[in-house]
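After this come two complexes, each holding chain A, first together with chain B and then together with chain C.
Let's look at the complex of A and B:
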């Protein structure tokens, strides 16, 4: 068994805006690209050109249809990766100590050289956020780009996870969620950021900003009606109005 | 136990070197940083300095490494040795390949250059390929716009001198209400996502108009799930509401549009509906100061929107009056329109009111003085912060041109074009139709064509017809069937060539267009046309040359395959002469350059054309002594001059006093300078010239300096399109150029000079009750046409494409998860997997475009889900409409531009017993490149 740290100095994580995510998968492939080339073993693909292609991804997008009580159905794009939980259930179950949570920043990582690929951590994770790489036989998961965020070979503005850097819609935010003054904490406070499945008790670091209300037009019709008060019903009346209006310009 | 945390390297070396070039995973042309390790491509990310994407990158771009290493890459020139379509080839040398091409191309150039049909697909070098085709002398050249979005481009250019996407964009920083119509999700890829993100950050509202609620429509604050093909009517109903309420920008309309221009109103006149002009040909308005007619652009003139005059016994009234007569009619009221477009009338009214509120109650003022083309100084720039964007969803209908015009007229009525918060042009636009070339057709054996192929006709005299009224072009572009076909009709080339209508050709030369699969209507028949033989056993289309980087379905149908490079191995030029990467704030152009050299015997297609041009002795490609003028495309990019001082790239040219931008002599170090600058060059527009560009003299002068115009070219927007009226007038019997009788009525109806809506033409030819469901495709954000399938990462995201069925039909057919449906159109039937989707127009089904693949193509295994479960709707769509008993076959295209009417498709659905594979099935083709590896563990660094 591996212990979680009693506390962490910081708790880094992602804030993902479900109101803005268009489901483009940019974060998915930029993650795949960076993490194939960097931390640990490459993210492999089996039958990449075959009948049942499958591979290791640390971040995937799911799309869900939601039917509100009134109004048309909605489609929510939901990116999901490791949530770097404060009470990460994947860590204590690891028999070799390969799975651990960093005390300095709260990132949950797998030390691949100690990982035996037993899969207990993936079983323990309530979010399904870990994938066993079929070629390497080790557990892969989001590293929050630990090899980018402190990387002195990168310009400072690039020291963010690859998915955050690439997100075209700006729907992904990175920062210290243990600091109430941080930009991400402020965003969570303003927008009612939510924990995913809080009942699981894992206390995820990553937060999701809920979609804003949509299709609310029916409540606004009376307020807006005066904007369409007719100036004329017929072309002739319209031309008269035109003449009067032009005089005023 | 407490584990000692392992020490990890937090600062690993990222790469040996970053090489900056331009993405080509789709057509958006973002800047990319290619990280190199050991001379190999290790990682690709967005370039933060780039004007298009500012650092971000989409799913396709970030997966570029898997395109670059794709096993489907062609390896060497191929010569067909088996029957066409078999995929049996032998590899040959480049010399042999080019000599073979010359042996076909030289004799026809010397005798009948029109026997070469040269069409390019998703190519971004049309200014170059067009130059080559012009030098060759065939009239038969175009790119793929005819089956893509010519309605959008031409509708915009004829109305206001530019359209959406590369022509211009919403003022993302200032707009407060953004409406997006029918946008395929793959482009304008990153800028729209970035823009929507910025709107959301500011709390601005997004309204999505689309039968399908995915992507941008999924995040829209309001979703209008409109009935396909009715957008034009919906827009004109908004116009009705706004005009009736007087919520239009009168000052803007009077100054900057042809709303005050006077029209001949005498139905008996041969000039009925044409614009009253003075001796100089200038449109006339009534000047409110004098009550007398004056040229629209006279100094200090105050055009009267309600002016009228009798001249030589003929009444003239303004365009504005004509618009009032048309659009105030109750036929455009929400109550009448609502049921036709599938919307609650209150919904239309609400939207119109919301637009009115934002445009006029939340107007923006920028304290930026500017001077207009009449010499009048303005202290402020007034903005109407409502903006619009639209793409194929409205343009790929047979009423798409008029719908695009309707949308532009709506934004012009609001005064929101080229004003703060509205729509803004990107240089070289604004550029009106009248400032574009007219089309040219005259082919002479052994000589170049008499001018550029593609252009913007101003009337019937500009059509491409022989003296006896036959089409000059193989695609029948610029004929009475589709007079304004500004991008040609690539989708008609193969069927016309096969039918010998209007004539037979010798060589079909295609680049980067999958015409034997997802880029053609009626795919199975097209494959047959490509393999058909005549009574002598010869192929009906005698020679087919195809260039592609990858083993696409079309490769199998070529006699000669010229293998192109990947986008990381080539020179390219994203030119101001063509489709540049400008933004509203700046002109910009860019290059691609070989960040890696090919490891195969392949060559960039443009370099191959340079070589072929020299071998054929084409003017512009050889020196006076007959030697080759350019070593390769890079040499052309640097040294070609379209006019003195104007070349493909505008940055780092050689001026009198050193380096300059825009006009200047060639500079041998130009490409190196682009590379040093990240692969692009930006030319900023001065503050005073940022808005009101068509009328702003500071902009006009800046554009002349840069070489975009030869002289200032201010103009007014054409709410009323006189070129359209000229065609309509001809159809009414006036003038020397007369249409064939069978087209008269249609021309009268469709060539309306004010935007009009008519139902999709196919609705008139088939029983809409028998085919009650609309069927559409969308391109996903993570795939680009057929290319994504060969990409190991992207195909894991989109490897299957069910038919998405709305709740109404799902329940009516009693469908359950895993069921299949048979989808039948008036042309054909397919049997495919179905999936339920609630966020859909009630009567619309759809699927992702071009996921379905033919077995054997793209180096995929034969059991790839793309080939067994993936499918195309193309099999349901014919390039001709169903016969209606008049003895004629009518093209399934927009009658104005010839744009392929993909989205007019109607079908009926039945639950089907699941077959083993999607139906119809096609034989496998033999892959010239084998198949890919069983596993990927891609890591180039140690």
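Let's look at the complex of A and C:
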């Protein structure tokens, strides 16, 4: 049924550290690699080697430039996948019941054999987390690697989403966000984890840790600074004469 | 949003068809025999053609029947049920009028009500979406309903009612465009709230995730058609409202009435194209677009 569960036993999700992410896209590659071979239809590409390549991805990394009022601009890499919202707007709009939120762990999934590919769930999602696979005609989305996290055939350290397992910077964390004692909840509390587009009212489970304040350019003096006084403050010689002559005109 | 031909045809044609069925349903002296056959065939034909064209928008049209299951939550599912119910009731009402020349008023009223509710459910598929602030407003349903009733009145030959409704629909459409232009800004969703980075400073999209396009951009960030939006709005209004009203004011002739209908339908198509092409989905913000 496409009714959202009244409550979930747990709410699994990701915590993404915008301070740590280096924008390497390793999580994009590992996500596509795992998910094209496992749960549901493969993630197809159209014209992958042609003039207009495109394809289905469950995780995409944006990069934003943020210009503070003073100081240099900051470049922030911004991974975005399904946020497994508590009030997932993509679920109740589904006419077939293919889109659902699990009551046991809060994961939002698509039952691909029921999906008619109407695209309404993708329209309802503010985050662009759902993509209609052009080869299969069904909606694809992040499953939080539901086929890894409970998979007892995998070594225990691999029972996390592929993106988390692969992140070389340790910018992605996986856990139960409904448990205030969990490591991810502690991290969110400690670092001021935030919701994206809170005004949309979807109550996303995934949280984003804001970048830490950057070092300032002002008021900092290095111990070696006195030895690094500028070499030539005033132009001398011919340039000095030219400077003075031009000033007088 | 991508203005797909299938959904423009779906919303325009089914709106017109159900509008006509509404007027036929509440008519105290409805046509009978062959005349009834023609009128009901046009109404059911237009509405049916619209619904069939909507299935071309599906990735898996062979599973379309599954769309009847989630009427408790999904406006799309409710629309499917209402449309089928309206067809069944109006079909029976029509058969009795055509073959026995008997008017069962209750059936007519029920069918008329179901026809209007179907148009309302269609409008709610769009108006429910918080992610498209231009659509997420009560006036989207009002616009769909008045356009449907105006077109239906025109098709059923109710000249004076049609003129009044056309003017109301045209006025509402103008206001909907003007007010709609402000709704994205009024929604409070912008790149700062989308990224949560607005507290640091001004946010700008530096680099998209991929060099190529993707489903999200093709489906929800359609910006091509906005260039001529103002001209198209005038064209839509002229065809949808002004020209039909002028033609109806002239001494009545079937050719003029036909021209009024065709002009109105063409205008509704242009307006519906703009309805999709101008609609900004908030996901576009992540791509530095709107």
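Keep this in mind: the second predicted complex is superposed on the first by the 215 of 249 C-alpha atoms of A that agree within 3 Å, B and C clash if a C-alpha of one lies under 4 Å from a C-alpha of the other, contacts with A are read in each partner's own complex, and residues count from 1 in each chain.
Everything that follows uses one rule, which is that a residue touches a chain if its C-beta (ideal position, glycine included) is under 8 Å from a C-beta of that chain, and two chains touch if they have at least 3 such contacts.
From a predicted model like this one, the values you see are computed outputs, not experimental measurements.
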- Task: Report for A:36: first if it touches chain B alone, second if chain C alone, otherwise both or neither.
- Result: first
- Pick one for A:228: touches chain B only (first), chain C only (second), both, or neither. first
- Would you sort A:201 into first (chain B), second (chain C), both or neither based on which partner it touches? second
- Query: Is A:115 in contact with chain B, with chain C, with both, or with neither (first, second, both, neither)?
  - Reply: second
- Query: Which partner does A:95 reach: the first (chain B), the second (chain C), both, or neither?
  - Reply: second
- Query: When the two structures are overlaid on chain A, which partner does A:62 contact: first (chain B), second (chain C), both, or neither?
  - Reply: second
- Is A:76 contacted by the first partner chain B, the second partner chain C, both or neither? both
- Check the contacts made with chain A and report whether chain B or chain C touches more of its residues. B
- Task: Under the contact definition given at the top, report the residues of chain A touching chain B in one complex and chain C in the other.
- Result: 1-3, 28, 52-55, 57, 63, 65, 67, 73-76, 97, 114, 136, 211
- Which residues of chain C touch chain A in the complex? 1, 57-61, 63-64, 66-70, 72-77, 80, 125, 128-132, 187-189, 191, 193-197, 199-210, 212-216, 219-220, 281-283, 286-287
- Quick one: which bits of chain A touch chain C in the complex? Just the residue numbers, please. 1-3, 18, 28, 52-57, 60-69, 73-76, 78, 80, 89, 91-98, 114-120, 122-128, 131-134, 136-139, 194-201, 208, 210-211
- Message: Under the definition above, what is the set of chain B residues touching chain A in their complex?
- Response: 1-3, 5-6, 8-14, 35, 37, 42-46, 48, 53, 55-63, 65, 71, 185, 189-190, 193-194, 196-198, 200-201, 213-216, 218-223, 225, 241, 243-247, 250-251, 254, 288, 304-306, 320-321, 324-325, 328, 346-347, 349-354, 356-357, 361, 781-782, 790, 792-797, 799, 837-840, 859-861, 863-865, 868, 931-941
- Note on the structure: So, in the complex, the side of chain A touching chain B is made of residues 1-3, 17, 19-26, 28-30, 32-34, 36-39, 41-42, 44-55, 57, 63, 65, 67, 72-77, 97, 100, 102-103, 109, 111, 113-114, 135-136, 146-147, 150-154, 157, 162, 165-171, 211-212, 214-218, 220-221, 224-225, 227-235, 238-239, 241-243, 245-246, 249
